[in-house]
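Naming follows writing order (A, B and C), and every chain is counted from residue 1.
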Amino acid sequence: MALPVSGIPTAPDPTGQLPATVPGSAAGGQPGQPARHALARMGRAIRSNRKATVGTILLAIFVFAALFPGLIAKDDPGADAYQPKLGISTAHLLGTTAQGQDMWAQLVWGTRDVMIIAFVVGLAATGIAVLIGVAAAFLGGLWDGSLSLLTDVLLVIPLFPLLIIIAGYAHGGGTLVLILVITVTSWSYTARQLRSQALSLRRRDFLEAARVRGERRLYIIVVEIIPTMTSLIVAAFLTNALYAVLFASSLQFIGLGNPNTQSWGTMLYWAQNEAALQTGQPMWALAPGACIAALGAAFALLNYAFDEIGNPALRPVRRKQVKRG
Amino acid sequence: MERGAVRAVDDVSFDLAAGEFIGVVGESGCGKSTLLFAIAQLLAPPAAITGGGVTFRGQSMVGLTDRQLAAIRWKDLSVVMQSAMNALNPVTSIGTQFKDAMRAHGVTSKAEIADRSAEVLRMVGIDPLHLRSYPHQLSGGMRQRSMIAMAMLFTPELVIMDEPTSALDVVAQRSLMVQIKELQERLGFAIIFVTHDMSLVRHFSHRLMVMYAGQVAEFGTTEQVFESPQHPYSIGLMEAFPSIRGPRVPLTGIPGSPPDLARPPAGCRFAPRCPQVMDECAGTAPPLYDVAGVQVRCLLHAPAAAAAAASPARAASTSPAASTSPAAGPGTTSSHDSGGADE
Amino acid sequence: MRFALRRLGFFVITLWAALTLNFLLPRLMPGNPALAMLAKFHGQVGPGTLHALEVLFGVNTQQGLWSQYVTYLHHVFTLNFGPSLDFYPESVMSVIGSAIWWTLGLVGVATILAFVLGTGLGIVSAWRRGGRLDSVLPPVFVITSAIPYFWMGMVLVLIFGFTLGWLPTQGGYYVSTDSPGLNWIFFQDVLSHAVLPGLALLLTLIGTWILTMRNTMITTLAEDYVRMARAKGLPSRRIMVDYAARNAILPNLTGFAMSLGFVVGGAILIEYVFNYPGVGYMLLQAVQGEDYPLEQALFLLITVAVLVAILLADIATALLDPRTRTGG
């Protein structure tokens, strides 16, 4: 699956040193700032960064399509009421499938399934990642050792084959099964990132101050640390959502989802089944794939933009005349 | 979150004679490191030199390409940085880094390289077998000294040092300073030494420049500046380092913090913190006045009678690309700098 | 040394975890999937298969869980998975043996190429910050890195396979006309069949490498030792390679290895789209055909392969970074 783009090394660092840059640590910045401030700063940053703007617009389009599909596509996606294999026309914006269903309607209505998966898995996996990552960083010692080991093992075991096998045993499942299975297996990458940042925060002065004030550990974790990590948590959410979309649609594509759900992945499954490319119905395969790519790009762009916001060194440089001689 | 351009170095000008040791002192953010890198043509984008010039051995350095600079670099002008742990390539051995420098300047014979490497290491008191070591295997003091040894490879005319002792403990600092001075006297190179600790250069430098908020606050012989500081900032600095043997005095600091250089104040930059501030200070930016051979940027010394020494044109108006050094001769460095750093 | 032992220990643990996961999963699923499959065959399977199922899935067994586990481990380490169901009576191991070379060739070459090219482009792009390369590459590849592997494959099939008809789109070679052998025709055949899937894999992978390398390179270029190298008057190329790239690549090496797990996933999909007779395609077929012994063996194989790759990357890192060797 495509990797999220970030300068973070994804491996247990053999030198034992923390990575030089942890995105979000700079933007997370000011200690103890309420989450409100962080979000406001993010809003401003989004507007000023071109990548972030494009990503947000794309995402907004898909969210809208998921919430109000009926407004955009008039037909019932499941009804095979039309002549099959029609081409593009004003009546059928993308034509019809081999079973006579309107493709545009399928595409639009399928957005809902995809967005649900993206957001639920995104939230759940990020939640697990925050829990485990921050707990490992702060409990330290044996806890850290075992949680980190668990994270690393799950990170190394090839996820997609594992997903295939599990889904295979379950004889293919609907959206719920997909959500469960993907959430349980894919939190490890972001858990590592969060643990890294939490570790580096641990040594900072404002936490010493809280400890000296006598605050309990849980308070420190919830009130001081997590708001500071807001931007990395948002980045983790975007990463997990991206993975969720890619994994889910891949599983559906190879037939391990429920082929009767309306989703982009299942559209691709049917397209492959009916040899859409060979029989001159390229739209059937291209359209849902393009949507997956676009949604993925939205998440990736936002993620990349967050990297730049958090690490100013990565921002686009005005082209200066650097003489190389 | 753009702040606009920051003029990190504003109207700093001096001439350096062969073998001379100039100390540059100031607090964090006063522009001293930027000044050094500007002189060595090592600024990286978005920082850039926006005015003034640097003349080294009669040749203007600003505007030269990397290739043209390569011939001068290290052979005539070398640099010692603050933290050797950061300034040395962590994945290659010390010896390899010495070799790199020498090969880049045409020394190809293995024997010659080995000999010279061992020689410079011995000069700083390190056993040459450490040529095989990696930076992380050496102690802090040894690392700094190997950096200095590396700077000596071609016995350059000028060595620029950016707080080379800051990362060390007090005892190692002293020993390193003594070593540096001894090398200087033996090999005859000039030094521009940047530090935040005045007392460090007290016994070593010929002249001392105190910088504040990107400008020269005071500049004269070390003795003059130490014995009778003229600028209230220098006075404050002196008082912040009480003598260990003198009478016990209450510790005084300089309250407040330096101005934001993205929006420098219209008048004197030190005015908000100055214990001797006058009414006109906030509105009038003082030029450099000459007080018995010491340049002082303070309105306290602005008698109408004493003609102001020729203070160089402000960079804002005109800036010649290169200034010629008055006593043009071999081994003179002159620098008239208005370096700017863009945000 | 201690570092090497720790890594080895990690592998052993991960391998053990994968094995145990493999062992427990079918037994944990509501209703043992093997039972369902047996029911489908009306219990008519050969004795070899029955035994394999017993060991791998706990079907029909009298043994307690722990002794099942021990037997299972024993079978795994002696590579005894029994006969494959889809390819009965061929044994699982021999079936895998035929497929593995196709995957190694395709995926191995494409991945290494993607890493080498991607890293190189990332280095140059960061070195010439703000240049043409740098302004074009990052946005383009941010987008391509989000493209699902299989879609890239399908697009290539459409353009080069059907529309232009330049390259074949199915299989590893023309099964009907050729037979494997060390002849030029077969070799050409294999190559032409490998181009499209290889390209699909390459294009999707390369984006990530370019971007991560560029980012780490940019951070490295801001380091003092790079400035120092400039101060020494070293030639540009030397600074870029010996001072900047050599340091920037270190975190990426381990990242590369870790991502191999994901590469495997992508390879599976590409093989599926192109019907390429590799290990991934076989895994999918096994899952769809409920060939459980084959499935399990393939999963373990893939896991071991990833672990080995990580080990190799670790060795490479240790060779390149003296700090790991001396525990700095």
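FYI, a contact is a pair of C-beta atoms (placed from the backbone, for glycine too) under 8 Å apart; a residue touches a chain by one contact, two chains touch by 3 or more.
These numbers come from a predicted model, not from an experiment.
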Of all other chains, the one whose Cα centre sits farthest from chain A: B
Identity of the most central chain, Cα criterion: A
Euclidean distance of C-alpha centroids - chain B vs chain C, Å: 54
Length of the line joining the C-alpha centres of chain A and chain C, rounded to whole Å: 22
For chain A paired with chain B, centre-to-centre distance based on mean C-alpha positions, whole Å: 49
Touching two or more other chains - residue numbers and ranges from chain C: 129-130, 222, 236, 321, 323, 328
Of all residues in chain A, the ones touching two or more other chains: 317-318, 320, 324
Chain B residues counted as touching two or more neighbouring chains: 45, 66, 69-70
Chain C to chain A touching residues, read off their complex: 3, 7, 10, 13-14, 17-18, 21, 25-26, 29, 33, 36, 129-131, 135, 138-139, 142-143, 145-151, 154-155, 157-158, 161-162, 204, 207-208, 211-212, 215-216, 218-220, 222, 236, 251-252, 254-255, 257-262, 264-266, 268-269, 272-273, 283-284, 287-288, 290, 295-296, 298-299, 302-303, 306-307, 310, 313-314, 317-318, 321, 323-324, 328
Of all residues in chain B, those that touch chain C in their complex: 37, 40, 42, 44-45, 66, 69-75, 78-79, 81-83, 86-93, 100-101, 104-105, 134, 136-137
Chain B partner contacts - residues on chain C that touch it in the complex: 129-130, 221-225, 227-236, 238, 242-243, 246-247, 250, 320-323, 326, 328
In the complex with chain C, residue positions of chain A that touch it: 1-3, 5-15, 19-21, 51, 149, 152-153, 155-162, 164-171, 242, 246, 249-250, 253-256, 268, 272, 277-278, 282, 285-286, 289-290, 292-293, 295-297, 299-301, 304, 307, 311, 313-314, 316-320, 324
